[in-house]
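Both of the next two complexes hold subunit A, though its partner changes from subunit B to subunit C.
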Partner chain A sequence: MTDVTPPGDPAPLLSVTDLSVGFKGHTETVTVVDHVSFSLRAGETLGIVGESGSGKTVSSLALLGLLPASARVTGSAKFDGRELVGMPPRKLRDVRGNDISVIFQEPMTSLDPAFTVGNQLSEAYRNHRGGSRRKALDRAAEMLRLVGIPEPQRRLGEYPHSFSGGMRQRVMIAMALICSPKLLIADEPTTALDVTIQSQILELLKSLQAELGMAMIFVTHDLGVVASVCDAVSVMYAGQVIEESPIDEFFSHPLHPYSAGLLDSMPQSVAKGERLRMIAGTVPPPSRFPVGCRFHPRCKYVVEACTTTPPELDSVEGDRKVRCIRHAELTLEVAK
Partner chain B sequence: MTAEDQPLLRVRGLEKVFPVKKGIMRRTVAQVRAVDGVSFDVGKGEILGLVGESGSGKSTTGRLILRLIEPTAGSVELEGQDVRALRGEELRKTRRDMQMVFQDPYSSLDPLATVADVVGEPFQVHFKMTRKERDNKVVELLEQVGMGSHHLRRFPAAFSGGQRQRIAVARALALEPKLIIADEPVSALDMSTQSQVVNLLLDLQERLGVAFLFIAHDLSIVHHASRRIAVMYLGAIVEVGDAEEVYARPRHPYSEALISAIPVPDPQAERDRTRIVLKGDPPSPLNPPSGCRYHTRCAYAMEICNTVDPEPTPTVNGGTVSCHLHTSGPMLNGRPISQSLRNTSG
Partner chain C sequence: MLTFIIRRILALIPLLFIVSVIVFGLILLVPGDAAITLAGGDAATRPRILLVRHQLGLDKPFLSQYVSWLGNALHLDFGRSLYSNQTVVSEVWQRFPVTLQIAGGALFFGLLIGVPLGIISGIRPRSVTDRAVVIGTSAAIAMPSFWLALILVLNLAVYRQILPSRGFVQFSTSPYEWFRHLLLPWISLGVLAAATIARQLRGALADVMSSDHIRTSRSKGLAPIKVVGKHGLKNASAPVLTVVGLQVAYLIGGTVIVEQIFGIAGLGTYVLTAITRDDLPAIQGSVMFIALLTVFVNLLVDISYALLNPKVRVE
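For the complex of A and B:
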């Protein structure tokens, strides 16, 4: 936990309870996010990890009301005392600009190529905070400086295509932070970038967070990134949260067999040149989620009961949660 | 040189200049030096890792070796044969010996061809085989990459990313190549699938003695799978050497920065570490810096670096590094940066 909020603070900034998302198909509705719950406090960073298609992006879009009309969203997401699920679109747009910001994976698609960077940044500010163009442009230059773009005044007049991928991502971060949000949702913000640029951006986000005291949700599938920026992690598998733990506990003794499998498959857990450990099989698509425990066809601890009984997300050891009927009897070792 | 100590692949002074064209007249307005004097060897049955930032020229190097594009200068020898001098039947034979596996398993396979067609196509091109003979071969290959014969008549769309990458590898294996150039074979895959594909490459190297040029930007995977690593920056190899040496005791400031940037899955280590945050962005290959190509971002840059391009200096076990720290200034002479500079640079 960061020192912004003392541990045990009773009022989380965001608390998501039983969030579900279904998409209407030709014949039936397919549930892709199923009773997802998590919470985070001001100044805290929660990592959401999971393989592609596990529901990470859909969960975060659902919070923001950004899903297409074919999506059915149920459950609750309380942000700073207000319910986001079912909030009228206009009010939600207000929350999105003022208090919650998002950074998406692909920076080029998120910036409008037809307008200068200065124009886009200052409009983002004026839409929510009002004030003069002059003042908004000053603020925009200030933000560009903060995210480490040299000569910010000159850069304001340029179009997105004249920025490199790493710089565009920094512009997106400036855009997301220009209204000083209370919560930043970053969906794989560094996946498409080189490691050197990724490390620039991670350092930048950490220092901005310390400065501005905002909370972050960091969606990623890189466990190294989780270890470097998060306070707690929520692991998703086939549309469900299967474990939520503070990071030190998660990395030293994961509670769910899938979490242990992911940690174990990293090159760091075997000697150089040896075969990597693997989780056999693949993630099923939402229309074919197995009955019982959704992980059971790939689990090496599977027993008869796992194939019939869907496990609940149980609270253990105070602040940890796990969805596995055998969690109390299993001791999962992770090689170091 | 005897055939014994001759490397499988020998690349010397490889260069590729792409023209940048503009306007309706397609006039050449600039030149990109995508690959700018690259030299290295790959031994028989060896895995050589090639790492570097996006745009540094890794894929172009791979394509030049296969002669998918023609080099501007330099030579590529496979078992002592100059690949550029080959014509006709000899070129076809050499092409069989070198195969490529591409980064994106979703777009690299023809969506309308079955697994039998995709994997069996090389047999059709190079040998006249009956369909039955071909199918038998394909089943053998699928087994090599851990896939059952029941997949024969299925289409790529029915497979996961990892399975498609296996199919691509099976196809590359069809003509029993001596070298496979794997261009980011796991970058597009999920965590648990990445290890499946890396293990497959290690198995094939061990069982069939295939050599690999393993191109990737994930250094922890490259380090794990490769015997040696070459580090590329802006069209040139700045350091090459034993994988463990380059990873644990880098000699070049860019290798050092690249390695320090990898986040490791250990929260305590992440809190304790000092990261080298590179300043600025990679320079444009349209207008590369003078002298050492890394000097605009290097934390150790000296006067000489602005004007003189550093020559390679030997390190250990046949490795080399191209950096003035080794020949002027502190005179590291091939020793790791960490040991030699700790006291002087703090």
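For the complex of A and C:
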């Protein structure tokens, strides 16, 4: 578990323990998320960071049962005293969009093109709160104003195709927040947007979080985003959490060679004119995760033992965790 | 929306013009001297030939023949049948309701069976139910309707005698008998429509269900019936409508055979008789009528596209 829940504090809002997700294939089940644990308190933001294929999106969507039918989810995810894993679909629907909302990576395709924005927003509201169409539309207009869409009353009657990508993501945020959820899962919400729009959306999410007091899980591969939004970070590699840390310590001295590699490959960490650095190789597909430490084929600090013994997630420095047998002996420096 | 409809109607004018040229051009396909053939071939008397030639305007140049034919056609005057001496329009109009009841009922049957099959198949592609539906609809598509009609008649009408094998009863006379007489024609024509609609809906719905906005709908906590019934079906409906439009044309054509098998005097029988008797005005009139009907149905399909998909209205 991350430090987001310091000892002595009240129970966390969400506490995920040993969450595993497998996909049933033709011959065998492929495990893409392997015993992932994290937790966060009300009002706080956890970043889940990793490359494509690390399992970060799958683990966050698994919480709400939004994965395809072939997915097998095990482990535990306690939210506000309720167990989400294995919850009956009917009960889970009461949680979705009401207590926990999601915004997705693709604003261009995430809204239904055949219904007006007003219809989709009020539908989300009435689904959980009931009430008249009129009242739901008023609430929808209020939400559009909140996310910074001008002339909300008029835009309610428009279809998604007359909104730009950034505006559509604002609509998605309005829709996700219309029932005032306690937790918002943002799955790479800015990846598909222009850089200028990205920072607008990030600022919007930050200010809304402060205003509404909700917790956020921010799934991203962008450490710059993590630095500006998150309180804590959980780094995933090949379906496992390999490091958990409060944000400041993580950026000043990462504990895992992979985290260090990620920080090192940020464009900000090289001088002008210098070549961008990168971690050689790619994340292996789930069917071919290496034996021992899953990162060892790409690791600069690999020793014999790394290729045979799968490392445990060890607690260090009180509130940090790392999955590396050499973490005590390595001093990882990140260029500033 | 209104401008959209008006534009679509205007776009039909050139299409109907081309159809009219082809329909009128049928006269050129009559072997030898059309007037002799139409007057009864070798047995025709000289006065009869002259009468037919004059009646059809065959003594005038082709272009002026066409112009005067088109002029009349615009006033819904396709001349008189060479045999019954009634106007073609009144004969077509008399036969059409029967054919409409056969084709309409078959289409209804197709939707009644095809839509639910398409839905249960499309929401779970590659499941056992889906595979069963795919196999079943493949078989249905491969089955010619005349063959199916004969099998049904043999089994249900001749051997078991549950249903009548031939004939037609007006709805106003006896709704029950009307239904009993039309059931076999509906099924023989409707099975293919059902299979085609089911296949199309299956594909479209399977596509839509894997799209991002369906995931959004689920993430809002909507019940599956709302996710599939509202967001799934509305987005999957366009390709299905296209198929329904095509099916209407097919069903009208299919009635020709089915009316023969079940001995029903509809438009299909009328066209067939007209063709075998070289009754040119009757052929031209009824073919033009069927073409108009097909074009009208496709116009309706286009308009419903626009109603279902807001983007079409803009383009």
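The rule is short, and it goes like this: the second predicted complex is superposed on the first by the 327 of 336 C-alpha atoms of A that agree within 3 Å, B and C clash if a C-alpha of one lies under 4 Å from a C-alpha of the other, contacts with A are read in each partner's own complex, and residues count from 1 in each chain.
We take it that contacts are C-beta pairs under 8 Å (C-beta built on N, C-alpha and C of every residue); 3 or more make two chains touch, one makes a residue touch a chain.
Predicted model only: the values in this text are computed from it and were never measured.
Undergrad: In the superposition on subunit A, see if there is space for subunit B and subunit C together, and answer fit or clash.
TA: Once subunit A is superposed (C-alpha atoms), there is room for both subunit B and subunit C without a clash.
Undergrad: Contact-wise, after the overlay, does A:T196 reach subunit B, subunit C, both or neither (first, second, both, neither)?
TA: In the superposition, A:T196 contacts subunit B only.
Undergrad: According to the stated criteria, A:F115 is in contact with first (subunit B), second (subunit C), both, or neither; which is it?
TA: In the superposition, A:F115 contacts subunit C only.
Undergrad: Quick one: is A:S52 in contact with subunit B, with subunit C, with both, or with neither? Answer first, second, both or neither.
TA: First partner only, subunit B.
Undergrad: Just to be sure I read the superposition right, which of the two partners does A:T74 touch: subunit B = first, subunit C = second, or both, or neither?
TA: A:T74 contacts neither subunit B nor subunit C.
Undergrad: Have a look at where A:L223 lands relative to subunit B and subunit C in the superposition and call it first, second, both or neither.
TA: Touch partner of A:L223: subunit B, not subunit C.
Undergrad: For A:T17, is the partner it touches subunit B (first), subunit C (second), both, or none of the two (neither)?
TA: Touch partners of A:T17: none, neither subunit B nor subunit C.
Undergrad: Quick one: subunit B or subunit C, who's touching more of subunit A?
TA: If we count touched residues of subunit A for both partners, the winner is B.
Undergrad: Going by the contact rule set out at the top, does A:T282 touch subunit B (first), subunit C (second), both, or neither?
TA: First partner only, subunit B.
Undergrad: Rounded to whole Å, what minimum CA distance do you find between subunit B and subunit C in the overlaid structures?
TA: Closest C-alpha pair between subunit B and subunit C: 6 Å.
Undergrad: Which of the residues in subunit C come into contact with subunit A in the complex?
TA: Interface residues on the subunit C side: 124, 211-213, 215-223, 226, 230-231, 234-235, 308-311, 314.
Undergrad: In the complex, go through subunit A and note every residue touching subunit C.
TA: 64, 66, 69, 93-98, 101-102, 104, 106, 109-116, 123-124, 127-128, 159, 161, 172, 175
Undergrad: Could you pull out which subunit B residues touch subunit A in their complex?
TA: Residues 53-54, 160, 162-163, 190-196, 198-199, 202-203, 217-221, 223-225, 243-244, 257-258, 260-270, 275, 277-278, 280-282.
Undergrad: Of all residues in subunit A, which touch subunit B in the complex?
TA: 51-52, 150, 164-167, 194-200, 202-203, 221-228, 247-248, 251, 261-263, 265-268, 270, 272-273, 275-279, 282-283
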